[in-house]
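The block underneath contains the structure these notes are about, expressed in structure tokens.
Order of writing sets the labels: A, B, C and D. Residues in every chain begin at 1.
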Amino acid sequence: MAVSAAVAGASGYAGGEVLRLLLTHPEVRIGALTGNSNAGQRLGALQPHLYPLAERVLQPTAPEVLAGHDVVFLALPHGQSAAVAAELGDEVLVVDCGADFRLRDAGEWERFYGSPHAGTWPYGLPELPGGREALRGARRIAVPGCYPTAVSLGLFPAYAAGLAEPEAVIVAASGTSGAGKAAKPHLLGSEVMGSMSPYGVGGGHRHTPEMVQNLSAAAGEPVTVSFTPTLAPMPRGILATCSAKAKAGVTAQEVRAAYGKAFQGEPFARLLPEGQWPATGAVTGSNTALVQVALDESAGRIVAVCAIDNLAKGTAGGAVQSMNIALGLPEELGLSTTGVAP
Amino acid sequence: MAVSAAVAGASGYAGGEVLRLLLTHPEVRIGALTGNSNAGQRLGALQPHLYPLAERVLQPTAPEVLAGHDVVFLALPHGQSAAVAAELGDEVLVVDCGADFRLRDAGEWERFYGSPHAGTWPYGLPELPGGREALRGARRIAVPGCYPTAVSLGLFPAYAAGLAEPEAVIVAASGTSGAGKAAKPHLLGSEVMGSMSPYGVGGGHRHTPEMVQNLSAAAGEPVTVSFTPTLAPMPRGILATCSAKAKAGVTAQEVRAAYGKAFQGEPFARLLPEGQWPATGAVTGSNTALVQVALDESAGRIVAVCAIDNLAKGTAGGAVQSMNIALGLPEELGLSTTGVAP
Amino acid sequence: MAVSAAVAGASGYAGGEVLRLLLTHPEVRIGALTGNSNAGQRLGALQPHLYPLAERVLQPTAPEVLAGHDVVFLALPHGQSAAVAAELGDEVLVVDCGADFRLRDAGEWERFYGSPHAGTWPYGLPELPGGREALRGARRIAVPGCYPTAVSLGLFPAYAAGLAEPEAVIVAASGTSGAGKAAKPHLLGSEVMGSMSPYGVGGGHRHTPEMVQNLSAAAGEPVTVSFTPTLAPMPRGILATCSAKAKAGVTAQEVRAAYGKAFQGEPFARLLPEGQWPATGAVTGSNTALVQVALDESAGRIVAVCAIDNLAKGTAGGAVQSMNIALGLPEELGLSTTGVAP
Amino acid sequence: MAVSAAVAGASGYAGGEVLRLLLTHPEVRIGALTGNSNAGQRLGALQPHLYPLAERVLQPTAPEVLAGHDVVFLALPHGQSAAVAAELGDEVLVVDCGADFRLRDAGEWERFYGSPHAGTWPYGLPELPGGREALRGARRIAVPGCYPTAVSLGLFPAYAAGLAEPEAVIVAASGTSGAGKAAKPHLLGSEVMGSMSPYGVGGGHRHTPEMVQNLSAAAGEPVTVSFTPTLAPMPRGILATCSAKAKAGVTAQEVRAAYGKAFQGEPFARLLPEGQWPATGAVTGSNTALVQVALDESAGRIVAVCAIDNLAKGTAGGAVQSMNIALGLPEELGLSTTGVAP
């Protein structure tokens, strides 16, 4: 195997999922695993599902530990990636699962994150127009946020084809793993089971400007986004319901054709047959995005729904897919299109 | 106790919830319980949670069984209520938990239900403008649909105050009990746990014209509704995320004031304090609707979220509340504002 | 209303459930509510399901706050009850939901809790032989643990009737609320949904000596208990599967008769009809214990299963039921035998 | 790829899981897929998670459809396998996921299944003493039941080492997929979420004689089994809590050594490090069995807990593992030891 990979932040959900995928990657050898407060512990105690790595011990997230690998995955809290990446040579592929390098607009970054903008890296969503090309040969990759992955795949075809007005309304439900592994009372099983709740309502969620960026690029004009995330009683999965007013005269056939064309040949994004709607349960553990679209003629809106696994296609799968492209490997390596269901 | 009540359809989820509430109602004596295929069975075998009624035996849903009660609750499949009601005298209060008499527009009824319109009864959502008055002394009540209850409470204040453009976009998540107790493969626990999925996308859900009816009445002009329902992995609860473009110049303070005014004095609808968002888990078993609202200034939209228990406030609670008003009883009897949580 | 009640520890799950029940109690007026780190906060922010108490503000858990009530419920971490109770007069009824005063054997206490034994109070499980009598007029009550409640109700009839050998084997599944509201990583929704796991295996769970105490008292001889608790992906409920070798010659009829007799006339414990097995979902929010029993003739064992709501009959419901007995009130006040299902 | 495989019963949960695994098997080409009432449908409509097979169409389960494959997996209702297998040549490897050929004792078969005994095939649990050898070169394989897999792996080490008395007590929790995909009211999501319930209590579950068979073989003497299965609110997973009285003088060290030895070198069964207990969530989608054991010195019992994925190691994974052994392929092909978590 030619490629050595380190994972910084191996004890969290994103890092764990990167490892789960790399274990099946025929061209990758898993190198150093690092953690912060968990350094020194066996991975088996922290990620008991990663049985083949159970006896690995976490090291501190330090430059000398990460050095010497071909690829370094960063699954760190926001704001920490720039410093770590700066210590790694330009020839090392750094794949950042965090937010630091996703946005092009420094003002938007500062407005939503309240800190100076670290920069912009090639964006790891190859299904977007021009997305694949931007990743070839890259040595720095910003993995998209989980919500923007689902939302962009759900709506970019309508915008790229000029079918939708530039005001998108999105409500998305996410499994709790999207909120991470840090113990907070509102994320306790007792609180989330049997309950749905919104958060970040009214435009405050940090993934909003990333959606604006992607949809505006597809549309060729500024698109506003009303985004409401909700927490659903399930560990994994995002279901994004996305709609926009159809431009005058747009027909259902045009909408369907645009989506069919947008996903043609894509290994990991699929327009479902008419009459079948996506369920997040069908993509658990898989890198597939399932999309369906309808034209609501009474309301005059294009309504698209996209289901992904937030940790797979929404984070770690997108990261591995982008790595494959950057390194010139077959894009499907280490990734599954088969979900674990029921 | 002065009021005798029969429940037709006592083996289903709606009928069971009506009984659960009536068991706590100090003025109601529970009379005949009827079922269809389950006639002859002990209620304890069908609704084991209704312990005090365990030894009751279901009778067939027949006029002679239902006759002689002051109130008859109908929790029957759509299309069956008219025939049953026709056999009951005008002095009997008939509370229909089904859809048959909810819509005023016969054309819309026929378009969505594909059968002749049975008529229109007073509508059991007292929180709507004029809603309470329409129920006083009524002897026929159409209980609103579960989704229209949540959506109407979520958006009518914005429309009644003239703050929103007449194009509403709604995405709602419902617990599986909303789909009833008939065994269908896609409702199996194995299928729904860990999964979110949409249905009726693109304007086809039968609750849509009811939302149009309520919001248009509040707005005083026709309102279009884009409605996407989703099935969530929980037994109970609806979380409705509702938005509409704010009219030019509308401020957050105006929005908040409108909602505060709309719910002032309401026993079962509450605008949460700023910063707190509703969770369906907080209203399980309760008749309370929790509402919060925000103005998204970037997207120019009013975003309101309403959480209810689909079986309680969304069906049986609304039914009992409306019965109380119709009979001149205190509105809160038999109803709780306390949820069972966690 | 004659009785004023304070609740110490009102922000936790046990305290919240005590309040939920007291809100429906016709003879109780809810007085002071206290918390520790949450003192000063609105209850509405901490327990949003307790809508009627939303504007109440938590006070510190201090003697002067708790003084002057007829009843004080303690829902505090283990080890804190003795000091608080010492400051309350002998005429005040103190109902302790914690473990401090449950065990009679000081040695067992010290072995399992590692601290000096605080004493023994009348035990709040009225269904046990002599249990109700011990509570009449009491001014100190130790509420049983949730697991011992389910296990004792499941097996005492077999022991009291002399039908079972004195070696009990118990495996119980509990909802996550039994583990409390403190945020710990293994209790995150992401970790518990879709997963069952054991804990305290091999005799280490602190509820074990309480089971030994109750079953030995019923048997009139020392009973050993092998107890394995498991964490189930649900917020509430305990399902205890309890078995013991049948004494030679015992028949299924004798077993059934013993259970029927044990629960005869009990308002909150019920032997289900033959062929029907208890589900925790049927007792959510209810004070009912559902029990079923079988004689496995091949294995020679009596197998009993008991389902309760761990927070209701298993904690707060047991507390209120015991309070009613102690104060000479009707035992059912403030308690429901109707579950919230589905 | 050398091996062609057909799957009879491809629309159910067991058949779907066989396909999920075969899709990753480097030596297998998936041939005919058959169904009964679903013949003629696209697999994508029935098993949307099996994306690479979405366009495959189910054929009827008929000899001419299954003929010509190297391996035929049968995932059929009980009682149908014998007739299908009789039509397949002796050189075809038939792997039966059903119960028909698991039991050696015809009397026990008839007692539990009420039909004539079809025979006994080599038993697909290679971890049992002599289990692997019995499968080499086999052309008929009876895949163990899901519960017997978990229970046998949990207790055979204690019996094989002569440490336990021959009376086992087992309580196991299973995810709902174990009950299959046929729509039954008690398996609705509304019924199972938030609820645990037992079934087949008192010795009636059909997997009991299979446990007796395996544990008795390990012990070299007849072992009685008290088995209580419970239905847990999760789609997948079995957690089996198994105990037996320790023989006099047995020490914790002996117990641990026996389990360590029993699983030494096993690719798919693992004794966890001391202090760590198995969770079903860690083995979702994986072929791993996680086992832990303790000696409860107070109760004098060996308590072992085993977690598996009921559809993977408990059914389809066991089937593929056994196929690999029978065909002389590396045992790990097409099987993962990595779970999908959280």
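To be clear about the criterion, contacts are C-beta pairs under 8 Å (C-beta built on N, C-alpha and C of every residue); 3 or more make two chains touch, one makes a residue touch a chain.
If you want to know which protein each chain is, UniProt gives these names: A, B, C, D = N-acetyl-gamma-glutamyl-phosphate reductase.
Fair warning: this is a prediction, and the values are worked out from it, not measured in the lab.
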{"item": "Partner chains that chain C and chain D have in common", "value": "A, B"}
{"item": "Option reproducing the contacts of C-D, where over half of them reappear, out of A-B, A-C or B-D", "value": "A-B"}
{"item": "For chain B paired with chain D, centre-to-centre distance based on mean C-alpha positions, whole Å", "value": "45"}
{"item": "Distance between the centres, which are taken as Cα means, of chain C and chain B, whole angstrom", "value": "35"}
{"item": "Sites on chain B at which at least two other chains make contact", "value": "13, 175, 177, 181, 188, 190-194, 233-236, 279, 281-282, 284, 341-342"}
{"item": "Chain A to chain C touching residues, read off their complex", "value": "13, 175-177, 179, 181-185, 187-194, 233-235"}
{"item": "Chain A contact footprint on chain D (complex, rising order)", "value": "13, 16, 20, 23-24, 42, 44-45, 47-52, 176-177, 181, 193-194, 235-236, 270, 273, 276, 279, 281-286, 288, 290, 336-342"}
{"item": "Complex contact set, residues of chain A against chain B", "value": "167, 169, 171, 173, 175, 188, 190-199, 201-203, 208, 224-226, 228, 230, 232-237, 239, 241, 243, 245, 277-282, 284, 292, 294-301, 303, 305, 307, 341-342"}
